[in-house]
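Each of the next two complexes has chain A plus one other chain: chain B in the first, chain C in the second.
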Partner chain A sequence: MEAVTATGLVKRFESTTAVDGLDLTVQVGQVHGLLGANGAGKTTLLRLLFGLIAPNAGSITLLGRALGGPGSAALDHVAGFVEEPSFYPYLSGRTNLALLAKLDGDVPAGLIGEALERVGLTDRAGSRVGGYSTGMRQRLGIAAALLRTPRLLLLDEPTSGLDPTGARAVAALVRELSAQGVAVLLSSHQIGELEKVCDAYTVIREGRVVWDGTAAQLVAQAPASAYALHTSDDDRALQIAAGIRGVRAGRSPRGQLAVAVQPDGLDALVLALGDARVAVRRLELLVTPLESMFFALSGDENVDELAPYDLAERVFAGAGADS
Partner chain B sequence: MSAGGVAVPGGAAARPSGRTLDQRVFATYRTELLKLSSQLAVRLLVLVCAVGPFAFTALLRVQSGTPADALFGAYVHSSGFAVCLVVMGFAGAWGFPLIAGLMAGDQFAAEDRHNTWKTILTRSCSLGEVFTGKLLAAATFAMGMLLVAMLSSLLAGLILVGGHGLVDLSGNLQSAGRSLLFTLVSWALCVLPLLAYVSLAALFSVASRNGIVGVVGPIVIALATTLIDLIGKGVWVHVLLIGSAFGGMYGLFTASPFLGPLLVTSLVSLAWIAVCIGAAWLILRRRDFLAGSSVRAPTWHAPLRVVALTTAVVAVLAVASNLGPVGITPQRLDAAIGATFNDASLLQQRLIGRIAPAGAKLDVQPFCNRRGAKSQGPGDWLCNVYVYLPQLKSVPFQRTNVEYDVSVRYDGCYKAQSPPTFIGGPTMPDDRGRSVVNPLFVVYGCFNVL
Partner chain C sequence: MTRAALTMALRLRLASTGSAALGLVAVLVIVGALFPAVGGTIGKLNLPRGVSQLLGGADYATLTGWFRSEIGSVYGPLVMGAVAITAAAASTAGEEEDRILALVLAHPITRARLVAAKAGAVAVLVVIIAVAAWVGLLIGVALGGGGIGLGDTAAFAVHLAFFGLAIGAVALALGAGTGRRSLAAGVAAAVGVVGWLINGFAPLVSALDWLKYLSPFYYYAGDDPLTQGIDVGDLAVLGVVTVALVAVAMLAFERRDLRG
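Up next is the complex of A and B:
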């Protein structure tokens, strides 16, 4: 069963087409990653899914119910947030949650406290939200989403502003909810976080879907991944790599060796180095398949023609700027 | 952070769905009440409504002067009900627009300012339910403020001044019971125009997405209304203004009560409520709920535009204020002031211990002329009241002229004040030697302008 079905979505803002004939399907129990560069249309898509803006064309079905306007009944059991979670700054975190619970028709007693505890905000629950840090507001947003006993979670950059521990906790929470049958659509610029939790991905560019598939399909179809390679004889390793199909090797400006390999090229390289009695002392993943795929789909350059370190640097630069 | 204990689909802790419409509206209403009650400005306003009338009354007690320009103002030292009605008069001009602005003017704009439209509209409530809940909460708080102000001013008047009866707008002394009834009815009749201002504030808030416009807008409109009320002799524009209903109830305070202005201005208030709410809803339902660039930080640009627009509208209304039948004419004022002077004279006689039968008629002939170039309309008038006193000897009567400076409002209510040459000073000794208000020194009255 599909938790989200969007068909032929179009959204224009004056002369700009933010979403252009976009189709999206998220299965129940699936964690679905939404990727795209700045201005690709991710946030607009999430706003459309929440009914906060009306599409110029196309239709949206959430959990089997057609989405109407803002506050549609189709949003029952749909939770999450778009852009940063927003609350009333003059109220405490607990009061904000109580207020939202009232809008939902109240929640079982104690659930607000549980939600606050789950996101680690119990100690600050009585403080005004106006004094919260970005990360605390993010955690409060997740607590607010949990109050709705969601069957579909739409999360926009849920780890934004969180420290690494908090980000890992969010990833664990998402996996746990998914295991309980909750569908999650996750937009994030932290591709590494997505890779840990997502079962499927949709990459959008200029409002259109440019790639859509499962994690396994992505690994199979991804262009070269990049690795930092430390060997007992880097010069010899460079010579060997140059002779293997699907492997490109080079040195970074600081002289470190890096290789860009197709999905099946890494095994061949390591075996060839072993045959040549070149010891592999460390192999460090610089660019994951998802990152290279994202870079390939969202940029204009040909990933397969980039030197490994250039690929890594471009990917990191792109990922850092993305939101 | 963990999902332990989070309800799974269909699990025992799953939220019950399928709430009825009124349950959902009630839920949004409760949340809006909670939000309003948490705001410092609202709490301060409640405090002002509760304490302000006591402070005002205490201030009146320690000084000899009276706010005589306000209806019943000359009686604030003698009747607690007069205090309550004077407070109501001030509230109608400025207090209620301020209350409406603070209750409803920032309700919608605040969601834009805090970027929280997306927060509430992604819960289990529709835009219509949020809209309804907000309006109901604002109306509840506004009426609550009115109730607090009424009770406070009534208590302040009764405690600090006393529960003596009120001299009505025909110059007759009413019993304490009737005075209380009149007072309570008057405050109750302020509800409709107050709700009209609440609706207007909500419209400003929705249309501008700017809290300053929403809060200040009704006050600016009240100021504009006050200015327009000073000019023009036509009835139509004055009756159609949003604050007109604050004067509609005074017809009940006369010896021959007239309900026409009350009914018409109440209908006008209802029309304002319907138009403002309808327009606000049309604007709200057509908008997108974007964040970031769409959030309008409160600036003074929008308020300045509103002031400019209001100025233009006031100019148009000022020109149009002569349209329609003329409400305030010399004939109507003559008739009104003659009758009121008659009853006030009888009251004066009774106060000093003379017998003046109810319904007695003095031989009184008033002649009123408007000061300035115009001969009709609200403003300053000069009324010569000729009193013909019967004589015992050959001269059949003695004519005495009492000159009153009369200030007439757009709604036909007036204050007439005379130099103390004929009618005495502002106070006089009664038959038991106590100082009481001289009912002829300042005369209040109202006549039907429709």
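Up next is the complex of A and C:
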């Protein structure tokens, strides 16, 4: 069953078309990553799914029910937030959640405390939200979503502003909810975070879907990943790599060896180095399949023609951009 | 859900409105207590007609004139307008600008019901200020030597409440329709100030006399509720304007794209 079905969505803002004939399907129990560069249309798509803005064309079905116009009520069991969640700054986190919970009717006693505990905010629950850091507001936003016992979670950059521990905790929570049958649509520019949790991806560029599929399909179709290679004889390794089909090898400006290669090509390279008695001392993944795919789909250059370190540098530059 | 949204909106503004209400009571009590000492010495000021009209007749010789000038013409509507406008603009456009509405609307409440709840909260706050004005007036009148009937003090409070509802509805409609807090508050305040000036000066020029009918002040104080009691016609005009503007707010809020 589909948790989200968006068909032919179009959203225009004056002369700009932010979403242009976009189709999206998210399966129940699936964690679906939404990827795209700055201005690709990810946040606009989430605002459409929340009913905050109305599409110029197309239809949206959430949990099997059609989303009405902007004046209609939000759907039960659909929760989450768009951009950084905001609260009443002069009230405490707990009071904010209590006020929001009342909008859903009777909330079981203890649920607010439980939600705060799940996001690690119990100690600061009595403090005014105005004094919260960005990461704490993110976590409070997730707690507010959990209060609604969601079956569909729509999260826009949920790890933005979180430290690595907080980001890992959110990733674990997302996986836990997914295991319980909750569908999660996750927008993020932190590709590494998405890779840890997503079962499927949709990549958007200029309001259109440019790639859509499962994580396994992505790995199979992604351009070559890039690796830093440390060997006992880099010059010899470079010569060997040049002779293997599908392997591109080169040196970084600092002289470090790097290869861009598909997984089967990597196997061939390592075996060939072993046969030539060149020891592989360390093999570091510089660019993951998702990163290279994202870069290939959101950039203008041909990833397959880039030198490995150039590929890594471009991917890192793209991943660092705020989307 | 509407009740929960109403409670939520009230909770957020109850403290500030309570403070304003207590301040209004205190001022009315002080003004009433001052009358025996200074009222007779000031008497009726000889001011140009328009200015006199702006100050509720500027007749400080009687307790009724004293209260009409000191409270009824400026201070009362100023406090009422500030509370109503601030609450209405903040609860719609303010929450949209602060991106709080997005989280609220992720709950099963329609936008129309949310606006209705916000309007209801503004109405409750307006009633709190009106009751405070009535209580303060009763105490002030007693300290000032009496002479204004219970019904007339109540009539003043009711007219003040309807003025607050109408001016608050202007801010609500603008806030809901545009999502811009400063625009909603600014235009509503301008409606109040310009209305006050028009009510004072328009009658001085016969060709412009009709403009006074566009001023909320004309319906609030035109027939002097402190001496004439409730004017049902005037209240009906303010009431209809309020209901119409709330309806506009609901429709506008339902149909437009929200930020946040």
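Basically, the second predicted complex is superposed on the first by the 316 of 323 C-alpha atoms of A that agree within 3 Å, B and C clash if a C-alpha of one lies under 4 Å from a C-alpha of the other, contacts with A are read in each partner's own complex, and residues count from 1 in each chain.
The criterion applied here is as follows: contacts are C-beta pairs under 8 Å (C-beta built on N, C-alpha and C of every residue); 3 or more make two chains touch, one makes a residue touch a chain.
For clarity, every value in this text was computed on a predicted model and none was experimentally measured.
With chain A as the common reference, chain B cannot sit beside chain C without a clash. Contact with chain B, but none with chain C, is seen for A:G120 once the two complexes are overlaid on the shared chain. When the two structures are aligned on the shared chain, A:L283 is found in touch with neither chain B nor chain C. After overlaying the two complexes on the shared chain, residue contacts for A:P108 are found with chain B alone; chain C is out of touch. In the superposition on chain A, A:L146 makes contact with chain B only, while chain C stays out of contact range. In the superposed model, A:V10 makes contact with neither chain B nor chain C.
For chain A, the partner touching the most residues, choosing from chain B and chain C, is B.
In the superposition on chain A, no contact is made by A:V270 with either chain B or chain C. Common to the chain B and chain C contact sets on chain A are residues 50-54, 69-73, 75-76, 78-83, 85-88, 91, 99-100, 102-105, 144, 148. Listed in rising order, the residues of chain A touching chain B in the complex are 47, 50-54, 69-73, 75-83, 85-91, 95, 98-100, 102-108, 111, 114, 118-120, 139, 142, 144, 146, 148-149, 151, 166, 169-170, 172-173, 176-177, 180-182. Residues of chain B that touch chain A in their complex: 1-9, 11, 13-17, 19, 23-24, 27-28, 30-31, 34-35, 38-40, 114-130, 285, 288-292. Per the touch definition, chain C reaches chain A in the complex via residues 1, 4-5, 7-8, 11-12, 98-100, 102-112, 253-258, 260. Touching chain C in their complex are the following residues of chain A: 50-54, 69-76, 78-88, 91, 99-100, 102-105, 141, 144-145, 148.
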